[in-house]
Structures are given as structure tokens and as C-alpha cells.
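Please find the structures below.
Both complexes shown next keep subunit A, but they swap its partner, so subunit B is in the first and subunit C is in the second.
So, the complex of A and B:
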């Protein structure tokens, strides 16, 4: 009897809250505006992102030459990817770019941020280091190729300084390292600019306190700069992860030529997907789509991990 | 009245707009089905870019074709990726091109392997406008037609023939012009004398272009084992064909060139086209390349450079053969204006029109009665006498994946001196067996 009484009284207690919310003209207005505002973006997002992604997922389960009949293959494309040594190498290169190039880019960006913080003419320097970002990656990579070739500017300069046998930069043994150096060079300006914007927000008096307390440069960075720009670093890490996995044109234009692909040793997963679809004779869209799905999964995992890693209470200042 | 639409009405509006949009997109994607009637227009997607010499020749033929027949040709100069752009549309009801031109391997992989190409045999039976009584098949050398035919169906009508030879400056090397090397030993002794004369390797090679490196290796293999041997080894799932002692003997010739320092300094660390430009400027003596070599290197050629060439020297087989590839027309199976496209192909095969491919673009045509440009006279001599077979032994055309993933990486190691001939063959065999296990 008691239990029944409770059940009967519960709705009675909650009821007033709902009509109260509904009765607010503002809340009602908001509710009515919700779909008209969301729908256009949602439709576009579904048509141009969700559906193509689902289509790619479906294609990845098929053997398909892009034309002609599609043959259901189940997970065979994924199995072949796992066993293909060229894909394994491409995947390893993707991870190397992600972590090694990413690590070097961020280390350099932090360093430049610290150096530029108090430097005279910092705006001019910031514009200069941002410069590689406003030029097409294709142009940069072609230029990079001519700088490093056997009789290029770099080797001529090294010979001037007395090095008779400069390294064979574009030889297969060094090619990937040169690509990674190029990527660091291209990316550093972009991340330095974002990080500097974050540093600019930090009140100067905090640094004055550091000076009064006798903190050195590392302590200033560790206890003031880094904590106060942590959320921006997190966003940068996510941005880098997504763009690192998609890097394509720099490698393609730098190491390939005359319409031919670069050597398989320097392929990353993006190049592998391209090669499967467009450079393997009879196109293998299934395999290319499976590579795309692997890249999507990698991006997804990394973004979730990074969001967790950088999850901290935002410091208010 | 607060000015907002009722919620249900809003949802209905959104749903209606979405459905209408989706239907609109669908209709756009599926619209324009084939009429199949004789039409007075056609859409032509070309592998050339506007302004290229071939584009200019084709453009003038299109203009006169329209004038004479009333058929309007809407041409789009797509560039070399034309097949890649067309491929995704071939499965739809709305194939956007009625006529395409491209290199043989792209046409074969896009049209033949997918069954989306029209059998062009009827084109060969068409009379050539302006040449009464002459059919297309009467003027195109039968070996080219045979090359571009699979399972009885012609998949390409060629208008340009490419061939690989070893190029040199006839003015600088008059002795070579008088008596080009015929055998491998002749060739190596010539290289020796040139190497000591210039103090550097006389062979030019842009080794960053994997095909150019492959040219050396597969030529050596075919000259020793005969045409078809490289292709047979490539597709041998057991790898047993690589065990033939003749195979490694042939590859040792390339090892000899690398270890002997016969390639010019920097060949393995340059960016194309640096080495071929260096060659044209007199920085090296010999360049193994297709018939496009003169037109590609002319701007950097030193004054008085006379383009001469000889075929890759004979090997153990004792037979001179010539590698070729073709550029030509293809028609998609679902082309809406296929008849008009066929008419244009036959029209372009007319001697007067096709001869401009030779005279204005410095290329060889598939018509024996069209004079070849002076710079390609040596190539023509070989073509007239030697047995021809597909470039790269057809491997790049028919087994591109093997060629890219298995052969190219190991071949680059061989050409740049990272592996010996024996290691090359062993590695090629093991990676090839693994490849066919996975892809066979």
C-alpha cells in the first residue's frame, strides 16, 4: 500500500516541472528554431560526409575496379592489407610521420615560441616562419627536391665548406628522412603561430612574478606557460594528428616525378590508398577504400586518446 | 502569434526539401540516358593539355571534321589522368565522354579489364574520309592492330607509336653514328672508351623515375631470354622462372654497368629531369628513353646536337627486337554518341591529318606511308626490321601491381648498387612468391 502511494505521488511531484519549462516562451521558441537551424547543416553533413563514409565502408567490403560489377569480398581487402608488406611499410611510415615529425615540430614550435616571446620584431619573424604554409605544398616539395638533389644548392654549399662527398639526400636510404625534415619545416610555422597566440594571452605579471622568484627559463615554461596554454596544445595535437595521417602531396610531388609514384619505401597510407585506386593497373577501389577506413579508424582512436590526455580543468586567468 | 511556424510544419518543410534535394541529385546523376541514335555531336576527353603540340593537331582536325560533317565535337583537354577521371563514371548510365585518347596501358586497365570499352573492330573496317577505297585496317600496320587487340576485340586505334632506344648526339659521336654497337660486348667497350674520355660515366639515367631504371634491367633480360620472358617470370607464382641461370646472367649486365661506374655521377640522387638535361647539354653520352626524348630534351640541348639512336644491344638470344607502346583512341561501351566518335577516329586516320602527328609533334604514326621526323629516322629503321613487343614486356600494362610493389623496389636497389645481381634475383623471387600467394 505504501509502495503504491509512492508510485502515485511521484508523477504528481514531477509534473509541474515540465509544463513550467514548456510554458516559457523563450524555451518554446528555442525548440521550434532548433530544427530549422540544424537541418541545413545536417543535410549537407549527411549528404557530403556521412553517406560517402558509409559508401566507402561498403566499397571496402567489395572487390571493384571502379567500373563493371562489384563483387562482395567480405573482409578480404582488410586481410590483404594486413599481409601486404607494402601496406605494413606505409602504415609504419604514417606512424613515423605522426610521432617523429609531430614530436620534432612541436619541440621546435615550443622553442620558437619561447624565443620569440620577448624578441624584437617578433611579428615579422612570425610571418616569415608562417610563410611555407601559404604556399602550395606541391610548389614547396618540388623546390625541396631541387635543393637536395646531387648537384643541388645544399650540396654545392656543403662542397664550398669543404665537404667533398656530401650525402646523397635523394638516395633511397635518405629519402624518407629528407621528407620528414621537409614536413617539419612546412608545419612548424603553423603550430608556432597558434602557440604564440596562446602565449600572448598569458598575463605579463605572471612572468614578472617568475622573475622576482628567480625562476629560470625552463621553470617559467613548465609552471606558467605550458599549464596556461594546455588547452591550445591539445587542439594543436588533434589538428596535427588529423593532418599527419592525410599527408599526401608533399611526398607525392617531392619523391615522385613525371607522373610516376615515389618509391614504395616512402609511401604512407594516403599514398598507398591512391596507388591502389589509380596506379595499380586495374583499379582496386575495394582495397583503397579499406585503406581509407583504416586511416579513419586511426584518426578516431588518436583523437579520442588525445582528448583524454589533454582533458584538464581549464585554468581561468 | 510569435512568428514561428508550427513544429510539425517545420519538420514537414525540412523533410520535403531534403527529399526534393536528394531526388534532384539522383536525377542529375542518372539523367541523360543513351539515345543510341546517330547524333551530330560528341564529347571527346583528351590526354593532352590545351596548347600541347598534339592538342593543336587534334584541334585542327576537329575543326575540319565539324566543318565537313556537321558533327560538333566538345573537346575537354583533361591531361594524362584522363582515364582515372573517366573510370568512376563508366559504371553509370551517364558516361560523360564518347571518345577518349590515352596511353595503351591506361586504356587497357580502364576499359578492357572492366569490360567497359567498345570493340573497335568496326572502326578498322571503316573507309577513311578523303582516301577513297582505303579502310583504316589498310593503313595501320597490322602489328599495331594485333598489339591493341584482346580476345578478338580491338580496344585501341593508335595514332602515335612510342619506342625505346639509346639516344646520343650524332655530331659529337660520329664514330657511333657510323657504326652503332650491335652486341653487348661492343656496347661495353664503347662505354669504356667514353668513360675514360670524359672521366665520368657516359650513361645518363634519372633513377628517381622507376620506369627509366626498369628500362635497363628488362631490356637486358629480354635480349638474353627473348620477348615474353620477363612477363612470364613476373606471373610465375612459384618463382621457378627466376632460377633460370640465364636470368641472373642477364641481370649481371646491369650489375656490371653499376659497379663499373658507367652511369653518370649523381644519377641516383637527382630530381628528374636533371640528368636527361645534363645529357642534352653534353654532360653524358647515352640515354635510354622513349621516342619522346628529342622533344623533351630539345630545350636543354647544346648547339648542334644531332639526335641519333640505336636499339638496346643484342644479347644471348641473338635477335634484335624493339619495344613499343601506343597512344590512341578508345570509346566507352556506354558512349551515347559512339557512331560519331567512330567517324572522327576514321577521319583522323587520313594521311594528311595524321601526318601532322609526325611533322608537328615529332612522333611516329602507325601508318607506314607517313614520313617520320628526321630525329626518329633511326627508330623507324629498327621498327621496319625488328620484331616488336610491348614496352616493359607488357608487365606494367597487365600486372601493374606486381611491377610497382615487387619489381620496382628491388630494381631501384639494383640500379643504385645496393644489391648484387644474385641478391636481386633471390629477393625478386621471394617477394614475387609472397605477392602471388596474397594476390593470386
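So, the complex of A and C:
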């Protein structure tokens, strides 16, 4: 539920200041309001967002238990992370979620977008598949986990189809796959909705031309639909990267079966950061902060790469 | 494949059933969640598919009294509405100034707010914990409220800046010509004009915080201050000592989901567009 809408152009840039208006008393009266209007939001944002980010960067270079003296440690925390097998696993899981779940979600979203393009009842289907997006991750996780219980609905269904020994879904060896499938289920509706809106903007006559030229479904998608929605796909990829790295609740609540935290095999970096700071015996703020910085760096690298990848002359239509 | 126009092609023939199956799956999960919340734990596993023979309203009574979902619901409602109101009160003026009062700072500050959209909560939570601890605002709903409002700033300011930017300028100019001060123009002309955007921003904010977990988990400790998602986690944890009470758990789950579902049925289109439209524009 952390969807964010990224606009390519800042609205403020659309209207260049008119020099003549600046001197009028009206404009001056408005100018006086600029800082009083912006200051409260800006101060709150700087104090609770920007300064903590900088503080985390500093903490990540120190050994600290959250209270008491801080001990400067240089890059020790980062070195420790590199050597910690649990962190390696968590980082690998974060990447797996990013690319495997992302890939499956995008493939499924494209498929559904094409199916829904001219299907009866598309609005209803869209409304239904979007719904999981606004439900708390904890709830989704409880529901999803319960479906896969040993005596749960999924296994009962498998048994009626003649599978006598259905897999132990919530065992450590299968749990991460179950989590990944669940994430695809939750996320697909969101991206399908965005892609559908992009497809709806494409003029119908382009598809009529396709029909006249005898293009098949794949050709239509490859040469008309995809190029014309390319910029939106880029925005989706950025949105996915940011939200995928933050995923926490959906994995965390699988602890329900095993105590405080789920098995380390299914941790991602978000869980690792939480565990280091708040759920281990002595809080390790240094390495939790370093994990946070790794996450931030990953977001930064992905956003830059994706913007470069998707930067292309937007097709005008 | 000119045939596709006369006969439904294979993609269409398989396509729409697939889309409906995907949607039906989510509906089935929701229906099954409701039914389960009305069954006894034994019936849940013995007959997972059947309707509850006698609805176990007792599940809800247990969740609401014994596990104090009632208190958690009250905490969450106050917290979430307080957050939405304060968020709008602070971000609407900022968004108005950013989109309508032109100085050389506008685009820089707008981009600066947008930067926050990319910062994961896990990055800021440690210093916030230290800070709130110093201020004695850990394990306090007021403290959590401040955090929710502050962390709502990037998205809400960004969302509303786009919205104010799309409003017509004429009314504002007319008001100014009639002698209304800039301040008055904002409160009496622009704010009512932006009502639909503000309501959408509030709904998105409410939905987002209704099930918020990470900050609640870190910043609240005592049980009587728990929000809904913490009450659910607490219930899960207790089930390990007291034995499985799946009926009660699902009654709790329904307590969290049903208000959102009602809101979605009522305002669905607005929610969907609010969460997605910005990406296409």
C-alpha cells in the first residue's frame, strides 16, 4: 500500500513566471505567503525524513547499541554484512523478489491488460484484482498462509485431485516460493490497472490499421501497444523497484507459525534491518543502519538504471 | 489472421476465462474469509468449503472483548483520522504554494519532496526511534501520530501539488481582482475548488495507515495502545500458547478488512484513480 505516483514533469515548471506579474502588488502579496505556507510541511519533512536519513548514514559507520557511547568503526559494519550468511541470503531474497516476482507480475499484468482491453466486464475485473492492494500486508499474509496450512484449502483441493502427499508449503524449503506467489497475486492488480490506463490512451484507429495489415495479436502488441506505452512501463518499473525493496509485513507475519520472526531463509533486507535493530538481544544499530543504506543505494541504482533504460524519445500520438 | 474479427481467436477464447478466474480467486478468498470467521475451529478444518451450520458470532465476541479488538479499533480510528486531517492541513497549503506561487524555489522544493518517495522507512526508523525516545514519545499514540503525519508529507504534498496545478486559474484571479487577500483566496476559493483532490488524498492516507505495521511495531509497546495490525499480530502470538483459535483470528481479520471493503465499494473508482492515475499522465 505504498503506491506513489511519479510525475515526469513537476507541475510548477509548466507555468514560467511572468516577469510583469512579479511587480504587481497582487503578486507580491502572494509571494509573502510562499514560505509560511510551505514551511510547516517542509520542516516536518526535513526533521523526520531527511535528517534521519543522514543520521542513518552516520550510524552505519559506527558501532552502537542505540544508547551509550558510539564507537567509530569505519566500514566495519558493511564488511560484517558482506560476510554474514544471513545477510547474503536476505540480499539474495530481495533481488529475487525484485526480478523474479517483478518479472512474473509484469508478464501477468501485460497479459491481463491485453485480455481486458476489449473484454466485457473489464471494469469489474479491474476493481476486484486491484482490491488486495489496499489491504494491510499483515492480513494478506495471514490469509495467504492459512490457505497453505497442512490441512488448509490448497492441500484439500490437491487431495481431491488425487495428490496424496501434498507438499509442506509452510516448511522452510517451500515458504519463500509461497511468499513470492502471494506477492504476485497482490501486486498484479495494481500494475494491470496502470497499464490498462496507458493502453486506453492509444487511439483505436492504430489497431484498425493493424487489422487491415493482417497483424496478429503478438505483432499488434510488439509494434503498437508496447512502444506507445513504453514511458508508462518505465514508471511502473520504478514504482515496483521502490515498493519491492520495502516489502516487510507480508513476510514478517509468516512468523505466526514460528515465534517472533520468520525463518531467516525467507528474510529480505527489510526484515534483516528490523531484526538487527529491534529483535536481536543487543540492538545492533550499526549494522541495521548499514543495511538501510544498502537498501537506499539499491533504490538509487535501480531508479537511475531504469530511467536510463526507459529514456527514449516518447512517441507522440 | 483476418479471422480474428469473425471468430473469437484462441487468445480471446482462453483469455477472458483466465481473467475471470484470476478475479474470482480474490473474491473466493474474501468470501471464504467471511465464512471462516463464523465457524468453529473444528469446522474450519473439517469442512473448509461448507457454509457455517450455525454462525459462531461468539468468534467476534471473543476477538472484541478477550483480545481487545474493540480498543484497537478505537485507537486506530482516532489515529488514522487524526493523521489524515493533520496531513491535509499541513500539506494542502504547501502544495498550493508550490503549484501557484511562483518563485525560483518551486521546482527545487517539489523535487526535494519527491525524493522522499524513494526513501524506505527502514532507513529512517532508527534515528526516529532514538529521537522519539529522547522526547518520551515512544509507546505513545501521540508520538505515532506525529510520525504518521511527518512521513505522509512527501506523497501527499506531491499528489496535491499535481492536483492544484490542474485547477483553473480564472477564479483565483477574479477573487484577487475583487480584493480578496491571497490568504483568503486560498481558504475560500482554492480549498473548496480542490475538494475532490483533497478528499482523494485523505482516503489514500486513511487506507495506508489503517493497516500500517512497521512503525506501530517499533514505536508502540503496551497492549492497550495497540493498533489493529498489532492486535492481529498479538492474537497470532497468543495462539501459540492458548491453542489455535482460527475462528477468533478470522473475526479479527474481518474487523480489519470489512471497513476497507465498505469504503472501497463506496469510493472504489476514486481510490483506484488516486493511486494510479499520476503514473499515466
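As a working rule, the second predicted complex is superposed on the first by the 267 of 317 C-alpha atoms of A that agree within 3 Å, B and C clash if a C-alpha of one lies under 4 Å from a C-alpha of the other, contacts with A are read in each partner's own complex, and residues count from 1 in each chain.
Methods note: a residue touches a chain if its C-beta (ideal position, glycine included) is under 8 Å from a C-beta of that chain, and two chains touch if they have at least 3 such contacts.
The model shown is predicted, which means the values in this text are computed figures rather than measured ones.
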Partner chain in contact with A:31 - subunit B first, subunit C second, else both or neither: both
Once the structures are superposed on A, label A:168 by its partner contacts, choosing first (subunit B), second (subunit C), both or neither. first
Contact-wise, after the overlay, does A:224 reach subunit B, subunit C, both or neither (first, second, both, neither)? neither
Touching A:266 in the superposition: subunit B (first), subunit C (second), both, neither? neither
Of the two partner chains, subunit B (first) and subunit C (second), which one does A:233 touch, if any: first, second, both, or neither? neither
For the overlaid complexes, name the partner, subunit B or subunit C, with more touching residues on subunit A. C
Just checking: does A:244 make contact with subunit B only, subunit C only, both, or neither of them? Give me first, second, both or neither. neither
Just subunit B (first), just subunit C (second), both, or neither: which does A:52 touch? second
Have a look at where A:306 lands relative to subunit B and subunit C in the superposition and call it first, second, both or neither. neither
Let me test your reading of the model: by the given contact rule, A:278 touches which partner, first (subunit B), second (subunit C), both or neither? both
Which subunit A residues come up in both lists, the one for subunit B and the one for subunit C? 29, 31-33, 36, 47, 66, 146, 151-152, 255, 259, 278
Quick one: in the complex, what on subunit A touches subunit B? 25, 28-29, 31-33, 35-36, 39, 43, 47, 65-68, 80, 83-86, 145-146, 149-152, 168-173, 255, 257-261, 263-265, 275, 278-284
Where on subunit B does subunit A make contact in their complex? 2, 4-5, 7, 10-11, 14, 17-18, 21-22, 25, 80-81, 84, 87-91, 105, 109-110, 113-116, 206, 208-211, 265-266, 268-274, 396-401, 404-405, 408-409, 412-413, 416, 418, 431, 434, 438-439
Enumerate the contact residues on subunit A facing subunit C in the complex. 1-7, 10-17, 26, 29-34, 36-38, 40-42, 44-45, 47-53, 55-56, 59, 66, 111-112, 114-116, 119-121, 124-139, 142-143, 146-147, 151-153, 156, 185, 188-190, 193-194, 197-198, 201, 211, 214, 216-217, 232, 235-236, 239, 242, 245-246, 248-249, 252-253, 255-256, 259, 269-270, 273-274, 277-278, 285, 288-289, 291-293, 295-296, 299-300, 303
Going by the contact rule set out above, which residues of subunit C touch subunit A in the complex? 1-2, 4-5, 9, 11-12, 15-16, 18-20, 22-23, 25-27, 29-30, 32-33, 45, 48-49, 90-91, 93-94, 96-103, 105-107, 109-111, 113-114, 116-131, 146-147, 149-151, 153-155, 157-159, 161-162, 164-166, 176, 181-183, 186, 207-208, 210-214, 217-218, 228-229, 232-233, 236-237, 239-240, 246, 249, 253, 256-257, 260-261, 264, 268, 271-272, 275-281
